[in-house]
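Paired with chain B in one complex and with chain C in the other, chain A is shared by the two complexes that follow.
What follows is the complex of A and B.
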């Protein structure tokens, strides 16, 4: 198809599709009236039955915890995919991937950026872990905290250099941590069966609502997810940095 | 029973996590062995579930969030023989693909095994779940693994383009599935299929429900590669490694069709049942168009993997007809057809992989007469042609038979002729290619009408190409032989019909999931004895067609009158992802308009 025909064909189809969307969305409850039975029940039970004050976490890690296991493995698989796709094949020469845009010099990182990045590094790590472990109390948890944690190596890159990041990040250890985090979810689920419940049945003591130790198995799952997510994103970061910033000396 | 239903999902996934770390430490043979062992364990667990679910379908509530007659909050697996059978079949094909791949890639350390295992875990979860959103989660996991596996040969720019087309079209499909789920959730407040079904049953379907049905069905039909959503499949199969093609063609594509059947019968049947006649026309005509169009495309391919890919699309069209008849016989036929076709097609793709290993090409003309030394690959190709034509006792013949019977029962006599046409053309295409490659019959490149430019293919193997190892031959032969003799016992058809009847009993499904009601045993009618004439005549016609094409110059030149329409058809399969998205938009819009305007 030529560009014109394709565009016309698409626009006509898209107009018809827009009509479908209109019919579908017109049937939705009016704004402000969309309370769902499901949400009402979850709101009613998450604190009394599960001692979890963040209802979203109660859904994600307890009531529908198995979905989240799948989601975690989507991330895990995607990271494997990125590593696979970005690998250097034998024919491709190593080295010299410096920015070669014509007539443009890569400006050095200014001292102000270095200082700010360095100052932010420790608070970022602390804040990341804080979000990971407080998932059952306030909005947050392993996914959000993991992403915050994985911005730490990016800050390190800003205030140092790629070799420093690579040295500090220890890719092998991160790979292991990522895999452990992913496998941990399944191990916790299996442990529930070993304790006499169903897979991912929350059998641990539920603790006092609103505290760090509440929620039974939920904080443990969040720790695993935090490891997996921060490890996964760090690996992706390393792969991209490797591609872009091949060390000259090696 | 507290652990078994979860095993087909978690065994491959946890092995994948372990292998992601261990592959660099272990010798290659070890990681292949671990992956194969894990796959066999998965197959065993799924087979146990199949055995148990034949006695009594299994409902498993994760986290023990049983509804006990109230609102279903948690996620359930609702395991019946068709779902468990599909999971078992996925594991068996994966085992064959892994055995074949064990000496195949030079760079297996790049997470090949881990990705295949994630793919398997996703397919098992997809077949077993009874939850609408969980189905989508496993759909996404399956896609993420499949995109990466498709682009495995990253040094080949074609691989990236094929995988990109695959990823773009399927992600758009996933978007529509999610939109549809969102609409249904807004209406019903539920995510469990049985719960949705009961909530929908109380009101007649309005536009929202119909649009949701159209969006979810089309999203999954993109994976099933029916016309006009089929474009990505040939591109993806042409570039994916051969063992991966086995899984794509043999079971992943059929998963899309399974999902459509599942959501219709588990969620929409009670509210849409009055419109079943119109729905039948819609889905059966989509299937028929797919079967015919792809068969024509199939015969006109010279790249063996593309040829097999179009043959898959054509056969999926026939399975779509089976599902779209909306009767137990049709669904049972589609289920057996899936097994029969998956086994034969898996064997054929592995044989193509053997040729690629030896000769670094899968171009039929480049291979002219060179396959004489590859006796086993030749055997698989000829046996595959017989299997695809539906010669008894192949699985395809049993599936065909059930579908024809079901179609006749509701007055769709013409389905038989569509099926006959597709069987002849796809079988003739494989026969023609096999005769050219393994016997050196037919015209060479120079004598090919219309000129035939060379195609480029990147190698998948690095090792000595002097011989084909046993680990490649054995799985290919095993698959194709299993496919040819699948229907050795009449019990298969009876069990399939019984299971399909149960699959389609929506009220019993909801009662089972939500209230743990005991199973009602519906009695399936005993399937009629098979008529071997269909398969035999289809194969004879296919052989005749292939012979005419190979030996008769006048046949080839008279067949030029179809060259022009054919070139238009080829032009549509441009490889341009924009074209594919345009057709996708058209298809979803058309499906949606038909649903909203004609059902009600």
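What follows is the complex of A and C.
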């Protein structure tokens, strides 16, 4: 493709994009207006009916809990996909390729990075669990807390070494935790059916709004999602690090 | 409030442009991390703290990490091919 054709192609598509953009833009509600009826209803019922002070969590894990089940399994499947793609094949056995690239040296981690990562490690784990268990009270929940938790092994890698990460987060253990978290969601939903309710119907006592024990089943679902998400992201990190380490160890 | 909103929108626009104009992939991963943080602040300023949290953990941490790890793996593969 010559430069001229490319330029023409760009101008035509840019004009089409601009047209669609301004057409759509003209149809938007005015700035700060245009809340939907659904939003008004959710805002009105989430505290009196569900005892959940975070309306977003009320929608995600209670009113439309089934949707979130699907979303959780999107992540589960993508983690599976990454592990499948990165698995070792027969023609690349473990640890026998030497790093022959001349003059290649991995730069040492600076002391400042080590100290900061070490200081952040414990607060990160506490903060991650805090976000997971407070999903029904304040913004956050299993997903956000789970990703924060999975950054702990990364910090450990920054301030320590890969074998330390493997020691603290054994892949087999993480796999089990992830599977338990994913299965927990379905088990909770199935338990509701077994008890005579609908799938994921909130049957537990709802508790006092604004406390840790409020929201009935929601904290338990959040705990499962937290396990699943933190496990999934940690597994991806481990799989990649494993790949990159092989070279250095040999 | 409106001043904050205008400011953060400008910053987000500048951040997005900066991501596009960074040509080196490794630097781009770091710039995109800052851009993710800016988007998180934007959601917070527009009173969506839940989305802000998700945006910060995904955009500022998970996405750049995945890009970095993938780049490292591609580099390793290229080296192997050269040998």
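Rule of thumb we're sticking to: the second predicted complex is superposed on the first by the 218 of 250 C-alpha atoms of A that agree within 3 Å, B and C clash if a C-alpha of one lies under 4 Å from a C-alpha of the other, contacts with A are read in each partner's own complex, and residues count from 1 in each chain.
The criterion applied here is as follows: contacts are C-beta pairs under 8 Å (C-beta built on N, C-alpha and C of every residue); 3 or more make two chains touch, one makes a residue touch a chain.
This one's a predicted model, so the numbers in the text were calculated from it and none came from an experiment.
In this superposed model built on chain A, chain B and chain C occupy separate space and fit side by side.
By the touch criterion defined above, A:233 reaches chain C but does not reach chain B. Once the two complexes are overlaid on the shared chain, A:44 sits clear of chain B and of chain C alike. Residue contacts after overlaying the shared chain place A:212 against neither chain B nor chain C.
Which of chain B and chain C touches more residues of chain A is settled by the count: it is B. Judged by the touch definition given at the top, the superposed model places A:139 against chain C, while chain B stays out of reach. Look at A:202: by the touch rule set out above, it reaches chain B but stays clear of chain C. Closest C-alpha contact of chain B with chain C, superposed model: 12 Å. Touched by chain B in one complex and by chain C in the other is not one residue of chain A. Those residues of chain C that touch chain A in the complex are listed here as 49-54, 57-58, 61-62, 65-66, 69-70, 72-73, 76, 79-80, 83.
Taken together, the chain B residues at the contact with chain A in this complex read 2-3, 6, 10, 13-14, 16-18, 20-21, 60-65, 71, 73-75, 107, 110-111, 114-115, 118, 121-122, 125, 131, 133-134, 137-138, 140-141, 144-145, 147-148, 151-152, 154-155, 179, 183, 185-187, 189-191, 206-212, 214-215, 571-572, 574, 576, 578-579, 581-582, 585-586, 588-590, 592-593, 596. By the touch criterion given at the top, residues 1, 6, 9-10, 13-14, 16-17, 19-21, 23-29, 34, 36-39, 41-42, 62-67, 70-71, 73-74, 76-78, 80-81, 83-85, 87, 89-92, 175-176, 178-180, 182-183, 186-187, 189-190, 192-193, 197-202 of chain A touch chain B in their complex. Of all residues in chain A, those touching chain C in their complex are 54, 56-57, 86, 97, 100-101, 131, 139-141, 143-144, 147-148, 151, 154, 233, 236-237, 240-241, 243-244, 247.
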